[in-house]
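Working notes, structure below.
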Amino acid sequence: MNRINQKLQQDKKLLSIYFTAGYPNLNDTVTIIQNLEKSGVDMIEIGLPFSDPLADGPTIQASSAQALKNGMTTNLLFEQLKDIRKTVKIPLLIMGYFNPILQYGVEAFCKRCNEIGIDGLIIPDLPVDVYNEEYKMTFEKYGLINVFLITPQTSEERIRYIDSISNGFIYMVSSASVTGSQTGFGKEQTDYFKRIADMTLNNPQIVGFGISNNKTFTQATQHTKGAIIGSAFIKHLSKNCVDTIDGFVKSIEK
Amino acid sequence: MKTYNVNEKGYYGEFGGAYIPEMLYPNVEELRQNYLKIMAEPEFQKEFNQLLKDYVGRPSPLYFAKRLSEKYNTKIYLKREDLNHTGAHKINNTIGQILMAKRLGKHRIIAETGAGQHGVATATVCALMGLECIVYMGEIDIARQAPNVARMKMLGAKVIPALSGSRTLKDATNEAIRDWINNPVDTHYIIGSVVGPHPYPDMVARFQSIVSEEIQWQLKKHEGKTKPDYVIACVGGGSNAAGAYYYFLDYDEVKLIAVEAAGLGIDSGESAATSVLGKEGIIHGSKTLLMQTNDGQIIEPYSISAGLDYPGVGPMHAHLYTSGRAEFISITDSEAMKAGLELCQLEGIIPAIESAHALAIFEQKTFKPDDIVVVSLSGRGDKDLETYINHFSL
Amino acid sequence: MKTYNVNEKGYYGEFGGAYIPEMLYPNVEELRQNYLKIMAEPEFQKEFNQLLKDYVGRPSPLYFAKRLSEKYNTKIYLKREDLNHTGAHKINNTIGQILMAKRLGKHRIIAETGAGQHGVATATVCALMGLECIVYMGEIDIARQAPNVARMKMLGAKVIPALSGSRTLKDATNEAIRDWINNPVDTHYIIGSVVGPHPYPDMVARFQSIVSEEIQWQLKKHEGKTKPDYVIACVGGGSNAAGAYYYFLDYDEVKLIAVEAAGLGIDSGESAATSVLGKEGIIHGSKTLLMQTNDGQIIEPYSISAGLDYPGVGPMHAHLYTSGRAEFISITDSEAMKAGLELCQLEGIIPAIESAHALAIFEQKTFKPDDIVVVSLSGRGDKDLETYINHFSL
Amino acid sequence: MNRINQKLQQDKKLLSIYFTAGYPNLNDTVTIIQNLEKSGVDMIEIGLPFSDPLADGPTIQASSAQALKNGMTTNLLFEQLKDIRKTVKIPLLIMGYFNPILQYGVEAFCKRCNEIGIDGLIIPDLPVDVYNEEYKMTFEKYGLINVFLITPQTSEERIRYIDSISNGFIYMVSSASVTGSQTGFGKEQTDYFKRIADMTLNNPQIVGFGISNNKTFTQATQHTKGAIIGSAFIKHLSKNCVDTIDGFVKSIEK
């Protein structure tokens, strides 16, 4: 059973952390992953940087640009990760835009992920139907879970459809917005979390976008299985060294 | 039968589609389901055509350029989109899309712009309809197309600089998409070219198709036939070309030439010649040809012309290129500038630097004396005066 | 029957004539003897009309301005001369005059310009015909209408600054006349408005009369009748007004309103409101109303609008004023600027500041809900962006 | 008999000088006239300054602008000239543009000229026909000679017409040009002078425009009755005081 599915069965609210590979320094990738696991994080999304991350806000954009400037490439990331499973046990996902994956070759990319021990992919600009028709078999062949997004605007019908073709969790975008653009959750969002929860989907939901501290984490996970922190963590890294990751994670889960 | 038009799934050959984040799905899907239906409504048709006529000033003339023709010993007709209200072909599309947006119940409009022509055209139709308008524009383009920035402000639009990447059209498009993600309910995104996710390329091409529709009957009056031997257009995203080609796509006897910006030269590393330098990939929601590294990172393009300074090309054009239906030719900055000045001094028309790229073809390629060559004069050069004056030290 | 047109001697009532130095006599006389004959030639008509259509982009639309009409509770139509090639009505006249000049065997063209629109229009037709072009322009106007100076250079014209007097339109006209005196054989002087010695006012009015010719049939399509209740136009020299009034002059039921530039205010000493402040006199070869001291020295006018910054008015308009046929209203700089911005934001059209004076009428005068009011939108505001932006601190 | 006609009967080449009233200083008018007469000049054209002298080149333009700035007006000029005939005997003409005269009132202007002892008027922008139809009687009533211009482009027919309505001399513009724009005479001009001389008109011709020194004066008067110096004299005044007029005039007639 895929590490993601195992993790999802645990009876706890999951904390997942996103970071951009190659940021702040080109070779921080493994250290960050290890430190995150040590601090008790449940799951990690390794961002494959892209030149034009159109679903991301300024923080992740800037970290991606810096990572590329530092020299990050798809090959290098795989190289850095090749021994990761010798030390790290928690589920690892790669989150990236479709074009770099397409250029690498979707099958080659999936194969390499499988070899390394990556558990899933999040590709925001790979549409559900294209995945379903063209790439589902490849993903499954290499044991990769593909994670789809839903937003407050996604229709109930479409949510059920997405649920039907998901086999891990659903990435629930807290509010329709690019990453990093929320400062807290209001009634609208919590109603939305509850509405989805009440749909009793097959796949658990993990909330992303706008989680930055213990308060928003608690709100986000009241009706869901977990939450993902991205921009807030990148911001932390931009001001503090990788040794302080533990403090950051503890401040969320306190 | 071969067709160079879009199929029901939103593809031109293997190019096109809608590679968008889920956040955009409801908007794009709403548009996809409704655009053909709305465009077919008699009331829509009437309003669209009335505005094209009384507001935009269509039909734009098909002007026989006598002195230019003499110089190049062929028959050159200029399709005068420069005479449209706001000075380029862009307004054909924004008129259509603003009517679409109103019927979809949107009251906030966003757009990206490169040369500023699409931004001005969008600001214009928003003023006309009393809708809020936000235009994203690369910081570099804000500096090099200052007159258009001033025009947008006059028209009440908010111009927001795109500060990331190459700070040009590509980045402005990213910002516009981000805005749309952030404002999924009341906002319509008026894309300015035949790029973006399906149905945009097709919708924009249809709104621009008025150009070739007119060329047919205008040429009939001038030459007694509806089909030219050549249609030539510059290609940034490809909307003026799409409009000029539209009704000729399926007639192989009409040769199509697409002119791309070679910047400082194809091999200089400072270029925007997508078809030559590009590979298949995904940009702004569409599978098409784009300039990218082996790693799939998008390359920052360069052209003296803000409207051609784009690393991709619309999926229709990617297909016209790979299928060989259109010939693609690249023109450098200085070739374009020279052709622009030549048109000023032979015909008294100051072309946009974008359009000047199309005109530069005559120094590259020889036509027969009785060839009928239609050039899409996509816009006027008022926005480019400073660039011209500096370039030639006038 | 009363007529507001010129008589055989070149007078409108008591205004007009040809008060020129003998040095100009041969040229002006040659023109006088030939202009009507040439204009009547079928070949001339054909060439003129073809260029107006294919090159200038005529007919210019008669656009029903819905939102402006709603705001002022009347029916406002805009005659869109701003859509003409080069951006103003001026080109109608320069096309006519360049064809005239060619038939008179001239190969050197001179012109004066204020806003630069006439200079650009002249440079344009000279490029089109391959003729040498020299444009005189006041030093002040060169500064405030920089885009048009750049355009003239692009078109290959030589722009010579007028450094005397108020360094605006009046002085540029003096310089052009001096040039003509110095070059009496091969040179044609393309005057830019219905001013100067007979036959210029009549010739220019005839070339501009296409404007009201079109208004008639366009209004017929829109409203089922050929005659509006009001025709409104700004008046610098008076050519756009002359064109817009022409076919309505002898129909008293069509009320004519001429809008002059009050500058900082009629009584401020900084104004260009000729009819109110002027007295009969001679300027630039014509007997007309002009702003002058008791001693007959011409007063330096002032307007924010370079095209209205002229101390005289064409003799046709002097006669329309004294006869009461037209109502004359003065609009200040700031009233005009406000009206200009209003048009941008209600209709998506950036008017020339000259034309904005005509639009400002709606804040001054109330029309009935079913009055049909045609406003001559004589030009677009691209040349005025800097002035607008600074004025409103946009 | 009008002083101009008397002067024209003298068997000599006439030197006529133009100056702008009120230049260089507002009250130089009378001194300049007196000094010119003393130096042996035959005739004087007193320029009534105009704001927009469109037939004049830069030198006369600038002197006119300065004169107006100094405060010159039509009334003031008449005031300055009112006792001129107490000291000055040679013909005096006023040269001015039509508008200031029109504003003064043509009849009032002529009357005042007559009272003062002005002999003629040169009004470059008063067309021949308008003069003939509207003002001839008034001029004659007040004994004023009106002087018409001809140029190299004036047709023979028109020259004969102008000759027929002239009653003093014909102002022969040396070449079609504004004042002050010639630097010497070529064959074209001398042919022209000769051509007109060969027409044996009723009125003698005096050449104006482009005469600046002894050489051009001699050339200009070879086939004509005299010549008028304008710009060259103004230029002289702009650099030298009115006491040096004698030297200037002598340099022409030497």
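Read from first to last, the chains carry the letters A, B, C and D; within each, the first residue is number 1.
In this text, a residue touches a chain if its C-beta (ideal position, glycine included) is under 8 Å from a C-beta of that chain, and two chains touch if they have at least 3 such contacts.
Bear in mind that the values here come from a model prediction, so they are computed numbers and not experimental data.
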Touching both chain B and chain C (chains): none
Distance from the mean Cα position of chain D to that of chain B, given in whole angstrom: 66
Centroid distance [mean C-alpha coordinates] between chain D and chain C, Å: 37
Shared-contact residues (touching 2 or more other chains) in chain A: none
Chain B residues counted as touching two or more neighbouring chains: none
Touch-based graph of the chains, sorted into line, ring, star, complete or other: line
Pairs of chains satisfying the touch condition: A-B, B-C, C-D
Residues of chain B that touch chain C when the two form their complex: 53-55, 57, 60-64, 67, 80, 82-85, 87, 123-128, 130, 147, 150-151, 153-156, 341, 344-350, 381-382, 385-386, 388-389, 394
Contact footprint of chain A on chain B as seen in their complex: 17-23, 25-26, 164-165, 170-171, 174, 177-178, 181-185, 279-285, 292, 294-298
Chain A - residues contacting chain B, complex: 50-57, 61, 65, 68, 73-75, 97-104, 124-128, 130, 148-151, 153-155, 158, 173, 176-178, 181
